[in-house]
Amino acid sequence: MTEPSAAAAGSPGEKATTDDGFIVFDQISKRFGKNVVLDDLSFSVGSGERVTLIGPSGSGKTTILRMLMTLTKPDSGTIRVGEDYLYHEERNGELVKAGEQHVRKVRGRITMVFQQYNLFPNMRVLRNVTEAPVHVLGRSQDEAEERAKELLDMVGLGDKLRAYPSQLSGGQQQRVAIARALAMDPDILLLDEVTSALDPELAAEVLDVLRDIAKSSDITMLCVTHAMKFARDVSHRVLMFDQGKIIEAAPPAEIFDDPKQERTRTFLESVLDET
Amino acid sequence: MTEPSAAAAGSPGEKATTDDGFIVFDQISKRFGKNVVLDDLSFSVGSGERVTLIGPSGSGKTTILRMLMTLTKPDSGTIRVGEDYLYHEERNGELVKAGEQHVRKVRGRITMVFQQYNLFPNMRVLRNVTEAPVHVLGRSQDEAEERAKELLDMVGLGDKLRAYPSQLSGGQQQRVAIARALAMDPDILLLDEVTSALDPELAAEVLDVLRDIAKSSDITMLCVTHAMKFARDVSHRVLMFDQGKIIEAAPPAEIFDDPKQERTRTFLESVLDET
Amino acid sequence: MSAGLWNYMFEGLLVTLQLTIFGAILGLVFAFAAGLARLSGNKLLRGMGFAYTEAFRGLSALVVLFWLIFVLPTVFGVQLAPLFAGVLALSLNIGAYGAEVVRGAVRAVPQGQIEAAIALNFTPWQRMRKVILPQAVVAMIPSFSNNLIELLKATALVSVVFLSDLTFGAQLVRASTGNTAGTFGLLLVAYGLIALVFTTLMRLLERRAAASLGRTVPPGMIARIFRRTEASA
Amino acid sequence: SRVDLEATTEGGSLLDELRSRGNVRMGFANERPFAYIDSEGNLTGQASEVGKTIFRRLGVEEFVPKLADFSSLIPGLNAGLFDVIAAGMYITPARCEQIRFTNPDYNAPYNLLLPEGNPKGLGTVEDFVRRDDAVIGVIVGGVEQGIARDIGVPDSRIVVFPDQPSGFDGVLAGRADAFLLTGLSLRSALEARPGTPLELGPPFVAVVDGVEQHGAGAFGFRQDQGNIVNDFNRELADMKSSGELLEIVEPFGFTEAEMTDLTADELCSAPVS
Amino acid sequence: MNWDWQIFWDSFPRLLDGLVIALQATVVGYLIALVLGLVFALLRRSRLVWVSAPVGLVVEFIRSTPLLVQLFFLFYVLPQFDVHLSTLMTGAIGLGVHYATYISEVYRAGIEGVPQGQWEAAKALNLPARRTWTSVILPQAIPRSAPALGNYVIAMFKDTPQLIVITLPEMLTTAQGIGSETFRYPEPITVAGILYLATALVMSWIARIFERRFGTVRAA
């Protein structure tokens, strides 16, 4: 698995590397109390592009994903997804605060997989995956179950439909969470350190599943990860964050093998050094 | 930092690699319910020797350290530390269950640093470090404080004496915990994944401190760690655990570069693969 | 209302406050004694602690009070001063609840803290005194604060047996003026205000204690009225 | 903080104790017109004022009011919480077994307290036996509960109020259709609440098994305190004959008609109903 | 020491009637408290301050004032405003409303005990608010609350002696009644105490069984 990333990224998403401004962060700022986390940040991601966010702890990576998922509101700036703004709507040519209705519509295109899985413990695996398609997308129960079984098969859990999350290992839970997210047919998939709660062997399982998905679909992906090998393998572009700014953005081959910034270099050293 | 471990281990503890049976586990068994964790395990560690325990999750590494710290009792077998048994005393030539008094005496030579630091949140940093020397070793307040300041300086926290643990970062807390353990002047220091609750950069800080201590004293150390680089750097010997057994024991150079067992090889691959 | 009637209310208020404060102090003693007894290694002590908490949590303070006032004198020939009987009945009751708080808080101290104390070779008593209790006490304060309000409310019971507390004073006023709605309305407000004062004081205490562990403090009564958690979005 | 109950020379030495202590603790149930706290907050009423006068004559000048539920008066006295019951308590044979009464200082008939207009047309206790939709209210620990029962009102239609004001509020709130008490009490309490939509029925003497139920009230002491009872009776007799008694009680609505020569012994030995 | 066993044994049958009434009040009161408590808890979480604040005020007020006084109020004052409830209903409502304020806190703790991640996951799946409550949050929150809910039945039962002030002939009132007829207080009061204690112990035993059956939350 040491093929250079450029080749890996090649297969379905050749066009993806051209940034057509599918997701656009424009002058986003966010502070928690006195702690300025993001300061006037702008960047964009193309449709079908797979972007990995790396950077030291506290640099604001999770905050970016949470904003897209509407779990954390920006203090100022706008976020656009496709034609629509996320926190704003256009009314009479002016941008105004978006109503719940509008936010739900835009949010419908996005979904997120969490570090802590966050499966619903009161539902069996199958229902975890069908609940939202049935009650949000309005799919029929049968249709939803069929698709859910397909997805669970794909992540290697076809035999766990009737299990409760508490009866699964961490890696299995994380794979259910991925199936659950994919069942929503999202345009955009957000992944926040989806393997760091797992031990190395379980993490490898989950990364394999994600690698397959990445290569066989043209979903737009934003991942935060410390698994540099994975970043190298699947992403078209890596964004290096430090103190709420993007200090370097480049294809993985470039950023890992020849970082331009001193900070990137030291960061990568400490991470690669670790084991 | 890529010097071969053999050289690194050289400095103070040359004699240490010879195992003089300072700590001796003899036919130790332990089960939790139906789960047999350790089965008839025997091994020994020499005085001044630095040993790293590696192995997959659940293989019993933590259990070993906890037994030495008298936090978990073995079901059968004996543990000897120097001249004394840990859970037994000799009375009229026979080994009998040890009284609290005896256990406390033997335990006095050992101390442990935990993954979760376990600093006392109700005491400031300085008092965390002086409390036990004053009340257990019977040192005077002044003497204990002087030594505590020395140790805190050594771990780079000379300016945090008056802080509460909750006001420190994880890496800082872990360093206080190390100073607190060293203040007891233990013969034996146990370290259980002391960096795995930390992010990579904080972990590096803590490992540096430990490396310095290892190299400048002849304390006997048992560490459980996933930081293979650290294991390679400081230990005289690495014990590979699997399913409650030691399946391979060798100096780090040998075990990392030329493992004898297939299981060791796959384990090391998955771990080194991770980042 | 005349000055004379106000005076009854005022004296009733004093009795209510005395019952609450002395009841709280004595209750605290019972709570720690029974709570720690239940954690003791000694079977007998554990049994006594258990019997006490079960019995007095199971009995209404009113029943205990009736017993102290009516049964003790006739059967055993001992008459407690009414205020003392009131304090005793209330504190036995609240102490049983407090004992559970003490026990729970001690057990909630993370196992890691105890293990760290063992790793530093503290004696069992040193562990309790230096590590466990200082942390447990902080965790007890919010529950004790609730218990204090329970106690305040329970003091109204004593009016059924001779003690001229605030409720009793109000009953006098009601009898004398015939204004039932007004008197009880006033009474409810009075208890509400006393409770507010107590909770505010306890909140200050809680804040100070929690600050020493670097914890955040839950909101007080007024803040709770306006409370709404982020999550409910 | 204990009080020794085993006080005792023959006939008791309560009066000496009171004299040396300088005060007497008077138990009462806040019931107009016998003993109650007036709108100024002072203890007053027929029994209170008579009691005060007699104690003053006996050399005790200070009075400590001790308020209690009516039903708690006897156990409270016996538990040593106060020295005398000064609440206009009726003498009944059952009570005589518990405490020692002085001779009565009044004798009064019963009335019913009714909602204005008496919608159910109730007049006597017997009416409650007949009408199964009528609920009678009594005071906890009072003799009225026993009377109502013995006349044949079922328990399910007897509501026991904790005190006199509750009885009034109870009739107002429709918790009972009438409240049974002496006319004296009811009249006096009604005066304190001008404008309430309540009225009194006609007075009657309740008869249980052919025995007239007198409402003759007196002061009560603990059983072992015979001496002070004798002293009390002596002063009371003196005041009756001098007319001073009537003078004291007139302001509380008592008249010549309520004066009585019955003795405690007679009332105590009346056949038990 | 004087003690009349005759009266002691004779007291049981009449006091048992009182026990039945106390239990009736407890059961009805508890049902009210369970439902009203959930209503309070949900209203207090409302995003509309003009809903959450007044409800909060009322709940805190009821919670911090004595049940005894509230019972007086309900029993004697409400009818003056033409609200007529039977004595037993007044008792049950008094207990129910009072305990609803506690129980709302239990539900609140249960709801807040549902990890934040569950809300976020529901949002990431775009589940609507109603569905989030009914299929994700409440099914986790209510089992979490179960042990504490059990405790409040017992607490409520223990408070029934206070119904003495509203003439409800539960055990203590009956004991006092027997006392004023026979002038023997110790025996009936002791019997009442024994019956209260025994019932409470049985209840807590049952509550423990329920807790074991239903109180376990599946860890995620």
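A, B, C, D and E label the chains in the order they appear, each numbered from 1.
Everything that follows uses one rule, which is that a residue touches a chain if its C-beta (ideal position, glycine included) is under 8 Å from a C-beta of that chain, and two chains touch if they have at least 3 such contacts.
Remember, it's a predicted structure, so these values are computed and weren't measured experimentally.
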Give the fewest steps needed to get from chain B to chain E, where each step moves from one chain to a chain it touches. 2
Shared interface partners, meaning chains that touch chain C and chain D: E
Neighbours of chain D that also touch chain A are E
Can you name the chain that lies farthest from chain B, using the mean of each chain's Cα atoms as its centre? D
What is the Cα-based rotation angle between copies chain A and chain B, on a 0 to 180° scale and rounded to a multiple of 5? 175
Report the pair of chains linked by the most C-beta pairs in contact. C-E
Length of the line joining the C-alpha centres of chain D and chain E, rounded to whole Å: 38
Distance between the CA centroids of chain B and chain C (whole Å) is 46
Residue ranges of chain D touching at least 2 other chains are 75, 162, 169
Contacts with two or more other chains, residues of chain E listed in rising order: 76, 80, 123, 164-165, 179, 185
Listing for chain C: what residues touch at least two other chains? 70, 74, 77, 160, 180
Using the contact rule from the top, write out all pairs of chains that touch. A-B, A-E, B-C, C-D, C-E, D-E
Under the stated contact criterion, what part of chain C meets chain D in this complex? 1-8, 69-70, 73-74, 77-82, 84, 160-162, 164, 168, 171-172, 174-178, 180
Within their complex, state which residues of chain C touch chain E. 54-55, 57-60, 62-64, 66-67, 70-71, 74-77, 149, 152-157, 159-160, 167, 170, 180-181, 184-185, 187-188, 191-192, 195-196, 199, 221, 224-229, 231-233
In the complex, go through chain E and note every residue touching chain C. 1-3, 44-47, 49, 52-53, 56-57, 60-61, 63-70, 72-73, 76-77, 80, 112, 116, 119, 123, 154, 158-162, 164-165, 172, 175, 179, 185-186, 189-190, 192-193, 196-197, 200-201, 204
Can you name the residues of chain D that touch chain C in the complex? 1-3, 5-6, 30, 36-42, 66-69, 72, 75-76, 78-81, 162-165, 168-169, 192-193, 196
Listed in rising order, the residues of chain E that touch chain D in the complex are 75-76, 78-80, 84, 87, 164-165, 167, 169, 173, 176-177, 179-183, 185
